[in-house]
Amino acid sequence: SAEKVDTLGEHSEDRLLIATTTSLDATKLLDLLEEKFKEDTGVNVEHVAVGTGMALEIARNCDADVVMVHDRVAEDKFIDEGFGVDRRVIGYNYFLLVGPENDPAKVSGLNGTAAFMAIEDAAESDPSVVFVSRGDASGTHSREKLLWKWGGYDYADINVSPWYREAGAGMGQTLTMTDELQGYTLSDSASWGTYESNLSLVPLVENDEKFLNVYAVMRVNDETCPDVNTDAAKKWINFMISDEVQDILSTYGVEKNGVPYFSPGRGSADVMGVTDEETKDPVV
Amino acid sequence: MNDLLTGVQTAFELILAADPEVITITLTTLRITFSSVLIGTLISIPLGAAITFREFRGKKTLISIIQTLYALPTVIVGLLCYMVLSRSGPLGDLKWLFTPNGMIFGQTILIIPIMAGLTIAALQAIDPIITDTIRSLGATRLQFLKSHLREARFAIMAAVIVGFSRAISEVGTAIMIGGNIKGHTRVLTTAISLQTSMGNFNLSLALGIILLAIALIINLIMGFVQNR
Amino acid sequence: MIDIQDIVKEFDGNIVLTGVTETIQRGEIFAIIGPSGQGKTTLLRILGLLLKPTSGRILFEEKSITHLSDSDPVRRRFGMVFQSPVAFKDSVYHNIALGLRYRGFSKEAIREKVLQKLDEIGLTGYENRKATTLSGGEKQRVSLARVMVTGPDVLILDEPTANLDPVSTEVIEDLIRHYNKNLGTTVILSTHDLMQGQRLADRVAVMMNGRFIQSGPIFDVFTRPCSEDVAKFIGISNVLSGKIIRKEEGMSVILVDGTEIHALAEDPVGTQVKIAIRPEEITLHTGPDRLSSARNILFGIVEAVRPFGIISLISVKSGDLVLSVQVTWQSIKELDLKPGVQVTLSFKAPSVHIMPDENSHAC
Amino acid sequence: MNDLLTGVQTAFELILAADPEVITITLTTLRITFSSVLIGTLISIPLGAAITFREFRGKKTLISIIQTLYALPTVIVGLLCYMVLSRSGPLGDLKWLFTPNGMIFGQTILIIPIMAGLTIAALQAIDPIITDTIRSLGATRLQFLKSHLREARFAIMAAVIVGFSRAISEVGTAIMIGGNIKGHTRVLTTAISLQTSMGNFNLSLALGIILLAIALIINLIMGFVQNR
Amino acid sequence: MIDIQDIVKEFDGNIVLTGVTETIQRGEIFAIIGPSGQGKTTLLRILGLLLKPTSGRILFEEKSITHLSDSDPVRRRFGMVFQSPVAFKDSVYHNIALGLRYRGFSKEAIREKVLQKLDEIGLTGYENRKATTLSGGEKQRVSLARVMVTGPDVLILDEPTANLDPVSTEVIEDLIRHYNKNLGTTVILSTHDLMQGQRLADRVAVMMNGRFIQSGPIFDVFTRPCSEDVAKFIGISNVLSGKIIRKEEGMSVILVDGTEIHALAEDPVGTQVKIAIRPEEITLHTGPDRLSSARNILFGIVEAVRPFGIISLISVKSGDLVLSVQVTWQSIKELDLKPGVQVTLSFKAPSVHIMPDENSHAC
């Protein structure tokens, strides 16, 4: 893809910039899709992979055309503020709770909420039980907070507990730290897939409905940001929910990971708790 | 430790295989770094000279401020440049955000304080009698500057090396302004960060070794030029 | 050509020049002498347009140059060689070529001039040597060449030969004279070598306490010091106090510590004066009294012999008077001079320099 | 641009409100930075002096290598230290990973090359006649070193300032080894990165301003000491 | 005390010292003179243990000190003052105290010694001045004080008074003599001031082409130069070639350019020799022939008068011979000397210094 280096360093006219979270980027799925999209439409797509908060902030400053994240709460706020429009759901997977092989909190086999309660419970008495949090307001962190809430805890209390470590870092860094500390952490499955081989941690709770992780795409509102490449953005959204991409999703990662990184969104609206339109209606 | 060995091995493999992605990244790195060092030098040296050779109120304070800016975190520079280059910022019309030009802009700003500061130190270290001699030989302003730079060439070269090192090794500005876009604004350091965050430590190390190899070559060339 | 008007220079509250006034003529060689730390270098740096005086003005060809901008072309008409040799971290060639480069000479012209100058200063073949590894004297010659090669109208030299042996000194002095005679270069130099001042200069000024305490043609200054300090500084070591007691054959007779001395003084009878006699102007004899045309003949006894190499200083006591006399070592051997030997001293009336009694009056 | 203003405002609010988290972060930063600068100085200055004053084969190459290491990306240092300090690494028993001690270790290694390199430059700039004078006055080895450091104190101080600046402003090593654990290893730069990634740009700037304020105070103190 | 054995020093293939051998006695003052760039400083730096010779040895009290470690205590018995003044970026006090601090003296002891030394060098009250802003001569005195205050057994001085006026020079020379006499300090100095060499030194060596071409008691060297180069260097400017044609009254008669000159030469008749006569040893008269005991009386015509201040050099042509004669300005005025004037020259036979014809033989 060396030809993409523009010697003048300027944007070429038809260029679509996506602000996305690192977990999506880590699978290299976007690289593949960008090339396909270029072939189909001639539009150069580039993405910047940053934290969810920063991705949305970049979009708020009109510096991106499309946003792809996995944090429903933040997304809704973004849309309510009038920055995001045409949200579509592209696929999903599950967060997983990983921890040390000896599993001192005995969470293996429990459901999502119960597992978190078990960790809290064990940690009160067993100093070897540690939970490491992303602590970076990412989609993963958001979900973790929700899980504590669903378990009946006040996050403010959890947050100051001695066994609770706020890493304030990306998923990879957090996993590394959890491994070193032999603690528990919540991970997105894509990052886990890329990191797994370096770690002694094992997945303890998987595919739990409470761990559902939905990836969405939306474009930046051209009314607030008149300069955005709306045409290409719409094309990209439609491309993402197209059969072509949805088919790719259903197999992408099998080679490397054994299972696909994502399940396609099409036809799974009910699993994901979204409307059917959001998974398949092209934007106009 | 094993990672280190495989890192070295991977580095050699990548170099020998002329991995196209690595080549692109390396070329982008060189282009951006050289540009920012060049522009940085063209700004810092006259700036440093002006501060050194002029007397004005607050000179010492200004030098202290410049030295303070050595400690400017790269992310902060990145953030400030981001704000300036953002479409909603004052220079948004340039459309430099997430482009190599933007990165050159940011890195230039990043290295100016330390290059100017070290230039001031280099020029201040020149024996005043040399300055007197140059003045009394009737040098024009430009000749005055050239003769001083020549006399302090080792220290000036060192300032350039420090600027170059800072530019090539920093990641905060590059990622904030460049966005680490593959094939476009991905440079060695942002690639290293990415590989590290993906747990590919030996690939990170391999890229790190390539970066250091570049720095070593530049240093040896500079050393060679100095000794002539 | 150069008018120095009441120059005062202060460094952090320390007044170094207290008010220097002097006019230097086009084409003259003007030497500044004076004890260490009295402001010679400071004045030369002001004249060389490198330092601004605290007050006072310098006029050059009737125009003030006291506050010249750094890029004023007048600068190029001045050249200054500093007290300590200056070597750029470069080849000797580059060191000497620098001023020519500034003036935009062609490569060939520079080459020719630099090589010729190297020859003149006796450093042919040194062009590719690193200037910083030169010996002290070599560096000093390179420093001189660097300035001379630009052919300034005014050449300011601060102790130009301090690091040079007599032979090299002569070479440099000849060069300076050559520039002065043939190119009309005005030369202002400071020197600690009084002989050099006398050899080279047309006029000399004595700097003491931050001002020119005396200035004039060298002959005047070296024969008629205006105060005891100046007299001592220029090496007239026999300085004595006395009073003119009468006039005789157009001369004054001065009573000094009980001895009558004849001198050519204009002052009226009764005036308190200081007199000075150079040790080398006193002739010393031994054995039977010898006839001499000298007006002053004293008898005395050798008190001490201070052998200073070829020339020795001998202290002779005559009555209450103690005089230093300069003799060669040959004389010491031939006359077998040692403490206790009886000797005759003679000196002419014109050898007795008269100074006012109080320093402040004349200087 | 607005962010900049609110950033400044936020900085003042944080400082005035004595926000406990900010205080903890700042204290951790100071503790780690000062420790690494102190240890770095104690290593770099003798090292730089040994290289300057000894003659040995490969001296020039060694200096080139030291200069090359200026370009060592902080992430690479972080990665290498991580490998060393990791449970499976050679110094795993120290249990320094994700602790301030580990960060001090990493930052010390990070700043040694540039501090040693600038020390060498500072000492080499001393007129050889000064060295001759010190030797001929009969200085012992320690006195020799002390007199040289005193003579080059401005440049040595500048080296320390550069080391300090590099330590306080870097983030790659801090995050790799420290892990940015809240209340434990979170320092200003890692907090800035975190806030940036969370999109809280004005909070980032506020922390950046606090960091620069610290650097300014240090610089003014150093400048004051220098001028005495 | 110090044995210099065949010292050779090479800088990048450039041989500077070609083999210096000499023994310096405890308590003597040994002066090195010689033209610029001949290796004086290089030798002194080797003696000062700052430079290793390429070959050869230095023995100090019978022990080799050629390859001394930097921390050897013997170093502290040597003190060296460099040709260019050295000022640390510190107060004058600190500059002078440095060597004492190295030696672990108490604060009070240091204070006392430093203040005393400041007084001796005439810089009382300068202790808090920044040494780098001192004048050239002040810096040189501080450099001297820094070394002298440590009381070394061997004091090595490279042009110690190059930047000093005559009065300060005398102060420093007195100090050097004082150390030498009262503390038994061995002093090795280089100087461009031949008079200083003669005033201070017990023995002198002439360095030329990287070795001591002649050395010995000052009287010997200054009266019997071993070659024309040495003769010229020490200021004997009348160097002439001749042949001993006969012996007469125990003296040799030498034919020089058709003129017969009487001299005290031991060489046999027929020897080709060089002779040298100091300009100051020739007496000049005008008017009617005067009686003189001098063996050599020549008649001639003034060719040129070169006024060098108090002393002038006059060229006189006598037959084919041209001689330089030194006269005072008084004489010039009194005798009205100018080109064309007829004069008589006289000089004694012992004033004619005989040197072998070929440099290589004696030197």
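Just so it is clear, A, B, C, D and E label the chains in written order, and each chain counts residues from 1 on its own.
Convention: a residue touches a chain if its C-beta (ideal position, glycine included) is under 8 Å from a C-beta of that chain, and two chains touch if they have at least 3 such contacts.
This is a predicted model, so every value here is computed, not measured.
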Common touching chains of subunit E and subunit B: C, D
Whole-Å gap between the CA centroids of subunit A and subunit B: 35
Length of the line joining the C-alpha centres of subunit B and subunit C, rounded to whole Å: 56
Interchain centroid distance [CA atoms averaged], subunit B/subunit D, Å: 18
Set of subunit A residues in contact with two or more other chains: 50, 170, 173, 176
Interface hub residues of subunit B, defined as touching at least two other chains: 89, 196, 201
For subunit C, residues contacting two or more additional chains: 84
Chains grouped in pairs wherever the two touch, ordered by label: A-B, A-D, B-C, B-D, C-E, D-E
Subunit A-touching residues of subunit B, taken from the complex the two chains share: 20-21, 23-24, 27-28, 86-89, 95-102, 104, 175, 179-184, 194, 196-199, 201
Contacting residues of subunit D [partner subunit B, same complex]: 1, 3-4, 60, 63-65, 67-76, 78-80, 83-84, 89-90, 114, 117-118, 121, 124-125, 154-155, 158, 161-162, 164-166, 168-172, 176, 188-189, 192-193, 196, 201, 204-205, 208, 211-212, 215-216, 219-220, 223, 227
Of subunit B, residues touching subunit C in the complex: 127, 129-130, 132-141, 143-144, 147, 150-151, 153
Subunit E residues touching subunit C - in the complex, by the definition given at the top: 11, 33-37, 40-42, 83-85, 133-138, 141, 158-159, 162-169, 192, 194-195, 197-199, 218-219, 222, 232-233, 235, 280-281, 308-311, 328-330, 350
Residue ranges of subunit A touching subunit B (in the complex, touch as defined): 1-6, 8-11, 17, 22, 26, 31, 46-50, 61-63, 170-173, 175-176, 194-195, 197-199, 225, 227
